[in-house]
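Each structure below appears as structure tokens.
Each of the next two complexes has subunit A plus one more chain, namely subunit B in the first and subunit C in the second.
Up next is the complex of A and B:
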């Protein structure tokens, strides 16, 4: 039983990171029908940007700030203006394929400019345990969970409680009407891309100390987050969050109670079941588009 | 008359050219290694070791007056790609084939080299590799059949462990090690409290470490590749497992220490080669390597370096560059540091291509490998 609690806490911590990445999937889909198959690589890249800044002699906190800023510019602004806008005119499928190419490009570039080898990455959460209900729970798991929850709460507050968030929702739900009532739709869409870039940078900061900085580490993350977004509901932020947490826990429990070899198959089975019996996802709404 | 003189001059030039091709042309050596993918640490160290040795030998005039020319190909840590790259390399008729480092890749490429009659000097450690009668395959480090009994003996004699959790990577390397050590544990009456198979490239070890905690073993034997070793060591520290952690070179290597940081402290293992060995020639090698590449190599850097000096010593023993006679010469050969200082330690190759050399038991203390015991050469 105590083992189960450890597994669930560790699963929730990993799942919270999946959730951050999955939320990015849903945001981009909502505002611009973009399925970003480079989302995993978007999580991998900020860690390398931060490492590059640290190699120049900057302290960790400064590297984080610069890394997040560079990620926002590269993975938000440049991604939208140089890839999404030109490709989206040709439809969703060419754009999806273009993001696959982008994923390969980012991976190879990181391999070329940094190294094919893994690098250590500092943790923002100290290593150690805290006692909860008589059980020693990893401080790092709790820290990751807390930061991810704060980010998600901040995002949902922005979307639901602020004028800016309402404008973003309006732009996502019906861009034509939103334009008529004066919502700067293009700016709202750009803002979504920037938010996605910040979310992936945050995910990168949280996951890389555990997974290590490596050019290929985005593959697993991107796939897990994509499954999480579909399982939870591609058209609902809360669905992506629930999907992320669920996949994190299911993956860990599968590794412990099914087998390590088949751990990757269990979330896939869940994905197939959801597609068969609830195609809109566990918390998604059929044919409805809200941020 | 002028045409006869011209023809004579042309013949002389052509003849001297062909003589040059035989005696002065570079010796072509092909290397196929894990330069990207999960084994990038292995392959990059191996390649850098090779390049350093080649640079040294060429600077001193080469082997028997001929320079060495090495080509590097990337197996991407994938046996299928390794096979294709080895085939391509063999088509270029190299003098010797070096690599790969992964046992699975060695397993699928060794028959190709043997068929071509080209000696393959590799980094794989799986026990089965040298037990299939291949007369062209040679190791640069101990096989599992040599190292695992020493590890099991240490766990039994020094740690007095009665139960051990075994964590292994589900590939030829990991399975081979797991099979040999569990056999040794059975022989010594040590119970395997948990038998945990993990995947190459696995990122999340939370569930595996939870299982170790639940099994509460006296010691944990970890036999996975370097990056995964670092990840599991971090997770073990995160979950507060206090049992002694024992492994092989892949648990206590430089890259693991760099990646795992504090979490590597206390890990112990048997290493055939380490740059922290109390051997002057190895210390000098380490200094040269650090000067050239600006990092401390792991055992794979040493393996790559030694592979080239194996080629040099064998060729000089033959007194000629003869790829067909190379393997026969190396079988049973003892290369002594007195005749070839850069072989670093006296080494003997048996008829299977396995090696006999002194080894070390090390512990990671404050981020450094500390040699606790020197295990002498058997013969």
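Up next is the complex of A and C:
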């Protein structure tokens, strides 16, 4: 039983990170129909940016600050201006393919300019165990969970309680009407790209100490985030959060109870079942079919 | 198309085909290997082009079918079956599996369909890796024999290249016939407007499943050639990346164009080889080239040509109209 609790806590912690990535993913989809196949690589890159700044001799906190800033510029602003804007009007598929190519490009650039080996990365939350009700729980898991929850609560407050958030939602749901009532739609879309960049940088900061910084680590992460987004609901922020947590826990439990060989199959089967029987996702709304 | 330009096109095709037969004769082993790989990947991409380019169904599972074909050929030929028998069995298996994979496409579309097929890809990879009794797991199957075709051994690289090229020619002819048949038109109707297609009496259900099944069979055929080409099959080449690469080939070449997969496979297989002078940077350059191309022309390489031709046609038409107009005014 104690094993089960450990597994669930660790699963929630990785799931919370998946949730951050998945939320960014759904935000991009909602505001600009961008399916970002490079989302996993977006999570991998900020850690390397921070490591690079640290190699220059900067202290950790400064490296984190510069890293988040750089990824906002590169993965938010530059990504939107240089790749999404010119391609958006040509439909979903060419853009999705272009992000696939971008994923290869980012991976290769990191491999070439940094290293093909995995590098250790300092943790922003304390490492060790804490005793709760006489049971040792990983402090890192709790810390990751706490930071991720804070981020998600902050984001949902921004989206649901502030005027800016309402404008963003309006821009996502019906850009034409939003424009008529005076919402600066273009600026709102840019804002979601910047938020996505900050979210992936945060996810990078949380997950890299656990799995090390490696050029290829984005593949697994990106896939987990896709699955989380679809299972939870592609058009709902809370759906993506629930999906992330669910996939994290299911993945961890599958590794322990199903088989390590087929652990990766369990989320896939879940994905297929959800798409076949509830394509809008567990918490999503049905999308209107366009003719 | 005017008679002249059609003649020009036919002449160009003859030159290219002759070039593909004659020039590789003095290629080294590696050059022939890469060219054979191009032919094999073109067959797989043509299958995906049918599913995606003509019938409009997104699939991220084509790599899995190449894997099924390759493992089918590897296992059966190592047990002494002739390659042609393995091909027959693989075609049947891929048709059935592809047909079944089409069922989700009846319920969901676009990105949802992409993710169902993506999940299938990952599951197939796990089976290749984990079912060691059949696939020998991560160690793979080695010493796959190359076949004898009508008594000619294809153990040497050049004869095997001709086998791949010949298969590519056969598949291309079959595809050309299929696209011009009523089926091909039904597939395109499905892509352009499924509801209108249905109201015109096209059984969209059957054609959707058929598009998946035939596309998957071509993936399987490519796999059957892949196994004796590399003479070694392990799970790694058939992971999700292959499906993504094949999708990229189709889009970059030009989805829905007969010749798109040829160019797409050329970019994906040959361009990285040409860029090897750039050493570690070659994949990065490749990625940049693909992105730049897609920004410039989202419909791929043949999209550029298509746009050029149609703009010329418009110009020619408006010139004719202007001439007719002035004649009309002169008459009045």
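FYI, the second predicted complex is superposed on the first by the 287 of 291 C-alpha atoms of A that agree within 3 Å, B and C clash if a C-alpha of one lies under 4 Å from a C-alpha of the other, contacts with A are read in each partner's own complex, and residues count from 1 in each chain.
Heads up, the rule we're going with is that a contact is a pair of C-beta atoms (placed from the backbone, for glycine too) under 8 Å apart; a residue touches a chain by one contact, two chains touch by 3 or more.
Keep in mind the model is a prediction, meaning the values are calculated, not measured.
S.K.: So if we stack both complexes on subunit A, do subunit B and subunit C clash, or do they fit?
M.R.: These partners fit in the superposed model.
S.K.: Applying the touch criterion given at the start, work out whether A:238 contacts subunit B, subunit C, both or neither, answering first, second, both or neither.
M.R.: neither
S.K.: When the shared chain A is used to line up the two structures, what angle, as a multiple of 10 degrees, is there at the CA centre of subunit A toward subunit B and subunit C?
M.R.: With subunit A as the vertex, subunit B and subunit C sit 70 degrees apart.
S.K.: Contacts for A:261 in the overlay, against subunit B (first) and subunit C (second): which applies, first, second, both or neither?
M.R.: both
S.K.: Between subunit B and subunit C, whom does A:179 touch in the aligned arrangement: first, second, both, or neither?
M.R.: neither
S.K.: Please indicate which partner A:105 is in contact with in the superposed arrangement: first for subunit B, second for subunit C, both, or neither.
M.R.: second
S.K.: Would you check which partner chain A:166 touches, where first means subunit B only, second means subunit C only, and both and neither mean what they say?
M.R.: A:166 contacts neither subunit B nor subunit C.
S.K.: Let me test your reading of the model: by the given contact rule, A:11 touches which partner, first (subunit B), second (subunit C), both or neither?
M.R.: first
S.K.: In the superposed arrangement, which partner chain does A:278 touch: subunit B (first), subunit C (second), both, or neither?
M.R.: Neither subunit B nor subunit C is touched by A:278.
S.K.: Measuring by CA atoms in the overlay, how small does the subunit B-subunit C distance get, in Å?
M.R.: 6
S.K.: Would you please give the residues of subunit A that touch subunit B in one complex and also touch subunit C in the other complex?
M.R.: 111, 261
S.K.: Tell me, which parts of subunit A touch subunit C in their complex?
M.R.: 35, 37, 83, 86-87, 90-98, 100-102, 104-105, 108-109, 111-112, 219, 223, 226-227, 230, 234, 261-262, 264-265, 268-269, 271-272, 275-276, 279, 291
S.K.: Can you list the residues on subunit B that touch subunit A in the complex?
M.R.: For this pair, the touching residues of subunit B are 35-37, 40-41, 44, 170, 196-199, 201-204, 206-208, 210-211, 213-214, 227, 230-231, 234-235, 237-240, 255, 258-263.
S.K.: Any idea which subunit A residues touch subunit B in the complex?
M.R.: Residues of subunit A touching subunit B: 3, 6-7, 10-11, 14, 111, 115-120, 127, 129, 136, 138, 140-141, 210-212, 214, 216-217, 220, 251-253, 255-256, 259-261, 263.
S.K.: Under the touch definition given earlier, write down the residues of subunit C that touch subunit A in their complex.
M.R.: Within the complex, subunit C touches subunit A at residues 58, 104, 107-108, 110-112, 114-116, 118-120, 122-123, 126, 129-130, 193, 195, 240, 244, 247-248, 251-252, 280-281, 283-284, 286-288, 290-291, 294-295, 298-299.
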